[in-house]
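In structure tokens below, several structures.
One chain, subunit A, appears in both complexes that follow, with subunit B as partner in the first and subunit C in the second.
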Partner chain A sequence: MTLTAYALRRIAAILIILAVLSLLVFGLLALMPGDPALTLLGPKASTPEALAAVRERFGLNDPFLTQYARWVGNAVRGDFGESIYSGDAVTTLIADRVGVTAWLAVYALVLTVLVAVPLGLAAGTRTGSRTDRAATAVSLITLSAPTFAVGFLLIYVFAVKLDLFPSFGAGDGFFDTLWHMTLPAVTLAAGQTAVLLRQTRAATMDVAERDFVTFARARAISSGRIRQRYLLRNASLPVLTSAGLLLAYGLTGAVLVENVFALQGLGTLLVRSVAQLDLPVVQGLAMFTALLVLLTNLVVDLLYFALDPRLRRAAVAS
Partner chain B sequence: MTAAVQPAAVADPARRVRWGWLFWAAVGVVALSVLAALTVRWIAPYEPSAQNLVDSGQGPSGQHWLGTDQLGRDIFSRLLAGARTGLIGPLVVAIGAGFIGTALGLWTGYAGGAVDSVVMRTIDLMYAVPPLLVAIVVVGLFGGGYWLAVGVLIVLSAPGDVRIVRAAVMAQRELPYVAAARTVGVGPLRIAVRHVLPNVTPTVVANVLLQFVVGLIALSGLAFLGLGVEAGSPDWGLMVAENRGILDLNPWAVIGPAVCISLLAIAVTVIGDRVYEVLSQRTAAR
Partner chain C sequence: MRGFTRRSAIALALVAALGVAACGGDDDSSGGGGGAGVEVDKMVWAIQSPVQSMDPAIMADVPTLRAQTAAFDRVLSIDNNGVVQPWIASKFDTSDPLKLVLTIRDDVKFWDGTAMTVDDVVYSIARHVGPDSTSMQSFNFAAVTSVEATDASTVTITLAAPDPGLPAKLSVWAQVRQQKYDEAAGEAAGGSDKPGMGTGPYSITSYSSADGVKLTRNDSYWAGKPKVKELEFKVIGDPDTARLALSSGEIDGFFDVPLIATRQWDELENGTMSYVAGAYNDFLSMNVTRAPFDDVNARTAIGHLIDRAGLLGPLFNGKATVAQSVVPAIQMTATFGDDGAKKMYEAIGALPEFSIDKAKEALAKSATPDGFTLDLAVDTSQPWMSPLAQHLAENAKQVGITINVKQVSAADWGAGLLDPAGSPLQLVALGAATPWAGELPPVILGTTAGFPLAGYGDEAIDGLVGQVAQAATVDQLRQPLQDLLKGATADLPYLPLFDEQVATAIANKFVWEGGYAYYALSQAWPLQLGGAG
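On to the complex of A and B.
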């Protein structure tokens, strides 16, 4: 199977998953308790005439599958309808807020990788050492403590007591944003670091016991070079998988982090839309999230080929 | 999130398994939480929902050990009462998901074939969407309370259990004792339940404990977002959200519940890690 064929097959699988998900997401409207027209009409006055107008406008009198086909037809063209609350297009709402969430997720991932990978390598090559035990203990704590609890602890120490960082808002311009986003990113990174650290440690331990590492040591290759060229390269696949999942799932953590730090990102948009029963926005966000998760996984799987020449040769040979 | 699933060390019969002080400290934390949940009615210095607007938003004092919230409710009493929703929901999530996961994992892992494919593809689909997001949407839109949140989390947590139990069962299936049981005419259900299940028990138990932690974090996260538990009820996650505005007046109103959730979660994780190590050593030693 060539690389292109593999990629095409994966994209086909993604499309199938998206199709099934879209049915579930659209089914939400039908499953909601009460009259969908009343839900769609939202907080505005619901006179019988208004209800009839809403039914007419959204085609609620049509059979379910006709409605679904129309929704999918629009969604494929990038039209997820309008917010029933503000009247803005769902795509505009998402586009306005995706920047903040992306900033947060990428910043947090950079912090996570910078801390977890070197520490995981060190812990994995010397299991049982002081570094290893400290890393395991810290990862146990940050893995178990909930994101929002960590967030408020950080706010209390660094914003209220020490007054070093702002406790809310996203800031303007690169350096101001960096400053504003530091506490949120550290909060998000805390839990992620634990996951990536454990994966890196386990992967390194696995590689460190192989014969070629012992042989490399026997050839008096420096430990730094062994770490970079032998351990990191061979341990990189599970680490990459884990990092990809973290980026995709970063959106989940972002819901809580954005809420703690009052950031106007996708997470706060989701919580607000759910509270307002703003269904078109929720549906749009759900599809957007799923697409993001699936695409991240695809990119990670394709990166395997870039990282591992053995996989590349196998792909070309067969 | 994955548990630290390390290969079981080969048991040395001469050396008895030690639980270690950390394990007992963790058991102590859980025991204190259970005690608080059971006896809060008698030991709480104040009625957890009693308001006292004169003493609102105070820091710690002799009267109110951890101060009060905006409505003058005693934080210490509310922390004690918070142990109830902090324990019962996650417990139901862990046991429910553990039961479904173990049953499906045994079935798919041992039987394989079409059942396996259908269940595993469904699970793949569920992995495409982050579980907490699904919980937020479902609980929020359907306006459900605490128990709907618990139910949703059971459904969302079960796939992880299925995967882990299935993998453990598939490893066991190839071992000689299963073939031996089959040869002497033991039925598949009996083999799965009586022969395979006891051997994957360490995995199952460790996983149920891990699911408790996941359930606790998810339920308190939902409560923090105002979903699940009823407004005004003493729940740790909800308390963090309610008192976030008075972080400068009485930090304990926010830090207290945050620490409670974290401590309980860390304690149960520690117990899960140790139980897995010790049980798998014992199973290996048999």
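On to the complex of A and C.
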């Protein structure tokens, strides 16, 4: 099987999963206790005329499957309906916020990888050393520190006291956004770094004990070359898996970080929409974030092929 | 004002009951613009949740109203003393209880330079009226049967039944919008692409629910141009972040500071806190039609279990007072004066004092002497509810009553209040928009109440509620209100808890002329802002 065939098979699987998810997500509305028309009407006046108008508009008098088919048809065309509170299109609400969330997720992941991978490699190759103990201690501290506490501490030190970074908001334009997003990204990266560092350390320790590494050392290959060509490459698959999961987590909305830094991202939108029972938004967000997670997994899986020739050969052989 | 909309659907609906006694008024000035401080380029306000629409027909919670009322004029206004005043309508006449006649100014222009017409005013009110209206505010105008332009400068609102609160409602919800603009915008009106065309002190530069609102001064404003050239609203959901942002100078003001956190806010070096009495209160509702509260002794037992005075510090940093009735104290004194309010409180009697022993005694006399078990939902967005509920649950345990405290979202809390299958015990926070003491009782008392949370009413009570609702003068209000509240204090369908203050923070480099007022949302409030110089 070629890489293209593998990718096509995975995309087909994603479409099937999305179809199943769409049924589950749409079922949310049907399973809501009470009258869906009242839910859709939200805070607006619920006169009999208004209720009848909503039922007519959303086809609530139709059978469930007919309603589902219509919703899917609209969703395929990118129409997830409108917020029952603001009247804005769900796609507009998501589009307004996805940039902030993507910035935060990618920026935090870059910081995470830059810190965790070299430190994890160093700790994994020198188990028990001062570097290893320091890395372990740092990862324990950052993992156990509450996200909101780290965020407020960074704001207090770097925004209020030192006046180096803004305390909230996302900024405009690339450099302003980079400036605004630094503290939130560091906050998010703090917890992620601990996860990736531990994963890299464990993978490196596993590879470091393999025969081919011992043999390479016996051939007097430089330690830098061993780290880069033997350890990093062979340890990269579990590290890549973790990084993919961390990115998916960031993309689905790091709610606490968004809240502390007043970032209007997907996480805050989801929390608010759930609290307000704004179901069209919840449905749209659920589908969108599911798609993001599935696509992230697909990219990670395809990277496996790029990184590991054994997988490529196995795929061709099969 | 904060209370009735921040606190979800039930509270929103309370505006329906505005009971102000307005007998008409004349505008003898050209407006009140540009009164405060020196000119400044920009002021940034933080609000706790996004502006969800620039059209009150679609959404009008308090953060949303902050931005709407900065941009759009209202037909009438309410001054700092709570008295309805002319605004876009230079005169209003309520001498006929079934008619409200508005005389519209002829010097008002929209931001695009076109003249505002009487038809625009009719449109701005009539869109909330009638059974076909999809406006979120239509329930506020349920008594209105028609809105008509009687001539080129007069609008006549006809009512099916007297509604003394109508002028006050117009000061919030009758936001003047250009009919032509809205009709062209269709369903997009109020949204980020087509937020609206108004006549107010600021025009809308940009609006999105994600990025906030940017407003630019209307230099041709009929009431005088404001001192602040640009006004911006940014969303900061966490008050701690807002406090740090104010410390670092990134924002210049924050509305509705949580009272439980005011100690930290009081320590701001570059900002000043303002505290004003609010016309809303918090209370416990006990449904008298359902067991165990169909027995007054069970209700009295609960009444003895809350140390209301002792909780003022922990829950509100002392920025609240113990409520003596379901009528907010600010309304009582505004309507009857200090002495009159004192006499009213003496006449209606005292609420149960905090005493575990007396709670035991009352419970022993009830139909449930061995106690009972109930759920109590607390809205997690209202910081005082959870600790109060825990306090009640702990004390209740000592007399054999089990109260299971349930943390729920604001939406679930609001939905649970009127759920017939829900708990008969509810914590409620209600707000008002006027200083009229007759405003809230008809909303929650009597069988005809809009929100009969406690199911408290019979023929005699309904008669009193009717008199309170129809009262147009203080003398007409005094006796029926006194009798109604006296009965409610004895029967205890509601246990009044606290009258909360409203806290606002403003950077020292700005001034709010006359200080922040509870009725700001009924005013062109940005006119009172300026640089400290």
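The working rule: the second predicted complex is superposed on the first by the 312 of 318 C-alpha atoms of A that agree within 3 Å, B and C clash if a C-alpha of one lies under 4 Å from a C-alpha of the other, contacts with A are read in each partner's own complex, and residues count from 1 in each chain.
The definition used in the following text is that a contact is a pair of C-beta atoms (placed from the backbone, for glycine too) under 8 Å apart; a residue touches a chain by one contact, two chains touch by 3 or more.
Model, not experiment: these values are computed from the prediction.
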item: Superposition on subunit A - do subunit B and subunit C clash or fit; value: clash
item: First (subunit B), second (subunit C), both or neither touched by A:F168; value: second
item: Which of subunit B and subunit C A:Y156 touches, first, second, both or neither; value: both
item: Touched partner set for A:R198, first subunit B, second subunit C, both or neither; value: first
item: First, second, both or neither for A:V255, with subunit B first and subunit C second; value: first
item: First, second, both or neither for A:L311, with subunit B first and subunit C second; value: neither
item: Partner chain(s) touched by A:E49 [first = subunit B, second = subunit C, both, neither]; value: second
item: Subunit B versus subunit C as contact partner of A:T92, first or second or both or neither; value: second
item: First (subunit B), second (subunit C), both or neither touched by A:T147; value: first
item: Which superposed partner A:L21 touches (first subunit B, second subunit C, both, neither); value: first
item: Common interface residues of subunit A - those touching subunit B in one complex and subunit C in the other; value: 152, 155-156, 160, 259-260, 274-275, 277
item: Contacting residues of subunit A [partner subunit C, same complex]; value: 43-45, 47-50, 53, 83, 85-88, 92-93, 96-97, 100, 152, 155-156, 159-160, 163, 166-169, 259-262, 264, 268, 272, 274-277
item: Residue ranges of subunit C touching subunit A (in the complex, touch as defined); value: 9, 12, 46, 49-50, 52-53, 58-59, 131-139, 187, 190-192, 208-211, 234-238, 240-242, 244-245, 247-248, 250, 381, 409-411
item: Parts of subunit B lying in touch with subunit A, wherever the complex brings them together; value: 1-2, 4, 124-125, 128-133, 136-137, 140-143, 213, 216-217, 220-221, 224-227, 237, 240, 244, 247-248, 251, 254-255, 257-259, 261-262, 265-266, 268-270, 273
item: Subunit B partner contacts - residues on subunit A that touch it in the complex; value: 17, 20-21, 28, 32-33, 136, 140-141, 143-150, 152-153, 155-156, 160, 195, 198-199, 248-249, 251-252, 255-256, 259-260, 270-271, 274-275, 277, 279, 282, 286, 289-290, 293-294
